[in-house]
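What follows are several structures.
One chain, subunit A, links the two complexes that follow: it is found with subunit B in the first and with subunit C in the second.
Let's look at the complex of A and B:
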């Protein structure tokens, strides 16, 4: 059995150094013109969504993309950079959501209680991640995957059963601090023709926190610490022989990724003003994250932005397209069923399988390769 | 892990492998331990039979997975979809033969159940062969890719089930005479569970016989120990592997049928729901060990039933607790498979 490297290494000594942009991106440039263009376009559209589109649907889609960028990037840190497959990522996502929800619901709608909720959630996540990591990262990767799956499902059941605290299956709805409510108006006049309200403030809070988290994670994977993670991914035995404590590094990676996922969960809860098992804890979200990471590109970080944007857009708008196709094919047996709007996941699943075989670097890897040829 | 070489030094007569009694004794010990806590013996019998039935069903679903892993070092995260597929395959039989299920005759009812099982195993076996060829074969040797790709296969197949049979849950009826319960004194045993215990035991014994008393079983066990050597002796190990994968998928289909009649509702996600239990069981049993999988299944199911009776709140995490305790006692599972 030959050990083929699962993911092309992203290490490249010849990268340009210096400059503000390089500093911001931790010298890890997109390294492809097309990729840079797509990334700039996505970020610009996200930044200007409140001014470009009217109505709540585009804003919600954009907010969801921001949340998933953080979530998927944190999962990429684990899967792509450390080579660990965890199925407990939604658990941390859920803990973040519940932290905010329980804080704001029980302690009143102000910033203090949101902060308390977030800090409590971060501590819970860190402790859980350390416990799972130390117990199961010593053994083989498969064990870790299975154990995280079991623990995550137990947590999901627990959350839906402890209805006194978590609201059970119904989840928790709560009030936001005043500055984030739709009634809040910071300016008396419209800005660029748009009346700024609390929703837009909330959106920008999400946007900037998400971008900050993303850049932070980009910094982490390009630090010496991140290099060790990649070394462990490529050859665990050799990394250990070089004197790096593999278990400690892996555990640290899973804690960092868990904390980032917790923040993402908190952001989602703030945006939805609600948190329940289905929005953050369900296994379906875990599958979504996997799809986003792999289709976007494992071990690239930028893949998270592309994967999240593509997936959320597909989730929101591909169904419309498929409905049209399904109607056009009505009358033929089975075919309309296959492109029924509810079957969009079938096609993304197929794309996922093809991605793993044909372009392990996902879309980002493909674009970078295209440049080289 | 280290004493494989120690056993190869006896040339004339192979020393009989010592049977590891400790984990085997665990199940009766647990059952006896639970008796005083539960108090009433009739409730205890009911709980134990229910637990055994549950355990057998989990075993049926898990055995294929653990065998495939033991032999091919392949972990199939998409195994759950074969359970769902097996469950849905019963519709192929239940549709045209609805009369057999409604008839008040034990023979016809059991024949229907048997026909369901055969159909389901055939369907999942064929799909398993395709799955192995298309999804799994290109990623032999890389666990990370295996996990990812089999998850992808799971998504696609689950969606395909939706496309074929619709997304809403489908209710199915147990055959008439399998409904209800045997009542002996104040002991109540559901009939279907007794049937499930019977089928589970049959499959387990069949597997043990096949693995330990036949030439194919010998080759399979040799393949687990050292695939290159088996190949060097002129056997096509690949063909063996594929047939084990197909058999594993068919077993999942069998488990799916039993599970479907137990729940009496079909959903495409039902396999993935039970996969959590399946993973816990094969971790407890020791990845690759059929016997361990059997003991682990019964252990988990019994504990879940007893704890559910004594402290319902705790039942939710009892599986995880059992797993943690077993792994502290034996980090490689109850019956660690050599070489790994």
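Let's look at the complex of A and C:
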């Protein structure tokens, strides 16, 4: 007779355990060798960017990837794990950016001002997310999406109009605490050939906060709470029939996701030393987030890392690659025009369409499917 | 006669413009298995869904263990001790069998003796314990749906057509499982189209037609009275054995 399986005390114990790494990843392992390799490669390159590449563009690209990992993972928690389609995610991203910007610009360039700005932004996001959730998560998904779109648009207009506080269309430029300024030199000598300055300190602040936030979200989706969210996503009536209050769980998911997006916005503002409507509140960013979630793989979390890395790299370097290609094909008719750098958005769109066709479950879904096959 | 665990009094339910339940009145006694029979569209599923609060009764009252639950939300009804197994094998296919069971145990870890008993009723679930529930066959999904409903002690199980679309061997397994649940003292309201299964299991029977209870009594009386079967259900037990 087959032995009765051990009784699961909780969902955490309902998964196989496997040491420190499994604990760190909440036992939600990549489950594909190729995927593990890609993830390790991305994280390693991000961790070593200041030592691997010279110049400011690679560091800025890596910083942007770190920010978008948090932002995309938080949206995956909402869309992929909870089945909630919200267009207000950039609003929370913007609130985080404005929190830091207003704090540092109005209260002075120190850590206390940054902390006040961040806490105020987190509180604002939480209140707004609760209000939107309780008022609109009862309605049908399409109406909820429309409501979030309207609220996000209103917030973008508000940010542009309240120029006394937000800087209006121009946004706010501000000084960082001294430890994050380029002039800051923690070491007198270069470390592994690189002179460490405040920019690199700021980069590592972003990197470690982003990794910490990602692991925290991975923990959340693999917790009992995360399993209830997945159950609700699959069939809310079944979840209700088991005694789970769907609106409460969805609202909680919205709040967690909003808080993570707020932190991402704060990180971007810290990196750019600037925040404005176009950098955090624009609808184009919302579209980018959606693309990154879909390309990486919805409901996988790891898709956020791959989607953000791929998309930001394409955004940053596709034009450069196309320019090189265009020059190389100069003698051939039509082709140089086709891959002219000005047409990079067209090719990015084509890449997106191809990736959706080729990997309907995203890259992570595809790699995991390959492993099963 | 003991006080009924569940009492429906003149319950009317509208779904959009349609008047589905036309004054359902019935009692479900504790510790017994009550069959709810009737042709398609008679209102059996609507009755279960109205009890669960998934569709709100437009008038009448539903009392569970002396408490009025007519206006209660579905989670409140479930938290009050009523488990519902819909006819659509309502499991969560993306979660593993284990996660489905743990999800249903809202009050804490599943008691080990209960888990042994549950897996004794549905041994096939052991084999797929850590696999996605979506991989199960139709019969196994139905077993999981019922196992999930009994993952923790409930006062009343509402089960909608558990044998629908199952192979005969699965139907027999299901009958055995419900017999064991009955012996364990569970109170069950079971909707069933298969009269053979119904007659093998039921202590009591309710027959619905056109949104009303048209017959209520002991199952053995209905089984013994072929004329009554013909009149209420248009069939006889002999024809279905």
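Here is the rule we use: the second predicted complex is superposed on the first by the 318 of 373 C-alpha atoms of A that agree within 3 Å, B and C clash if a C-alpha of one lies under 4 Å from a C-alpha of the other, contacts with A are read in each partner's own complex, and residues count from 1 in each chain.
Methods note: a residue touches a chain if its C-beta (ideal position, glycine included) is under 8 Å from a C-beta of that chain, and two chains touch if they have at least 3 such contacts.
Bear in mind that the values here come from a model prediction, so they are computed numbers and not experimental data.
Chemist: Between subunit B and subunit C, which one contacts more residues of subunit A in the superposed model?
Modeler: Residues of subunit A touched, subunit B against subunit C: more for B.
Chemist: Where does A:20 make contact in the superposed view: on subunit B (first), on subunit C (second), on both, or on neither?
Modeler: In the superposed model, A:20 contacts neither subunit B nor subunit C.
Chemist: May I ask you to decide whether A:227 touches subunit B, subunit C, both, or neither, giving the answer as first, second, both or neither?
Modeler: After superposing on A, A:227 lies in contact with subunit C but is clear of subunit B.
Chemist: What is the contact status of A:357 with respect to subunit B (first) and subunit C (second): first, second, both, or neither?
Modeler: first
Chemist: Go through the superposed model and pick first if A:330 touches only subunit B, second if only subunit C, both, or neither.
Modeler: Touch status of A:330: no partner.
Chemist: Who does A:153 touch here: subunit B (first), subunit C (second), both, or neither?
Modeler: first
Chemist: I'd like to know which partner A:244 touches here: subunit B for first, subunit C for second, both or neither.
Modeler: In the superposed model, A:244 contacts subunit C only, not subunit B.
Chemist: Please report the subunit A residues shared by its interface with subunit B and its interface with subunit C.
Modeler: 2, 4
Chemist: Going by the contact rule set out above, which residues of subunit A touch subunit C in the complex?
Modeler: 2, 4-5, 7-11, 14, 16, 224, 227-228, 230-231, 234-235, 237-238, 240-246
Chemist: Show me the residue ranges of subunit A that touch subunit B in the complex, using the header's touch definition.
Modeler: 1-4, 6, 83, 85, 135, 139-143, 145-147, 149-151, 153-154, 157-158, 161, 283, 287, 290-291, 294, 334, 337-338, 340, 342-343, 345-346, 348-350, 352-353, 356-357, 360
Chemist: Okay, in this complex, where on subunit B does subunit A touch?
Modeler: Residue positions touching the partner: 73, 75, 77, 135, 138-145, 147-149, 151-153, 155-156, 159-160, 162-164, 167, 272, 275-276, 279-280, 282-283, 287, 313, 316-317, 319-320, 323-324, 327, 331.
Chemist: Mind pulling up the subunit C residues that touch subunit A in the complex?
Modeler: 52, 54, 73-75, 78-79, 83-84, 86, 90-96, 98-99, 101-104, 106, 109-112, 115-116, 119, 123, 126-127, 129-130, 148
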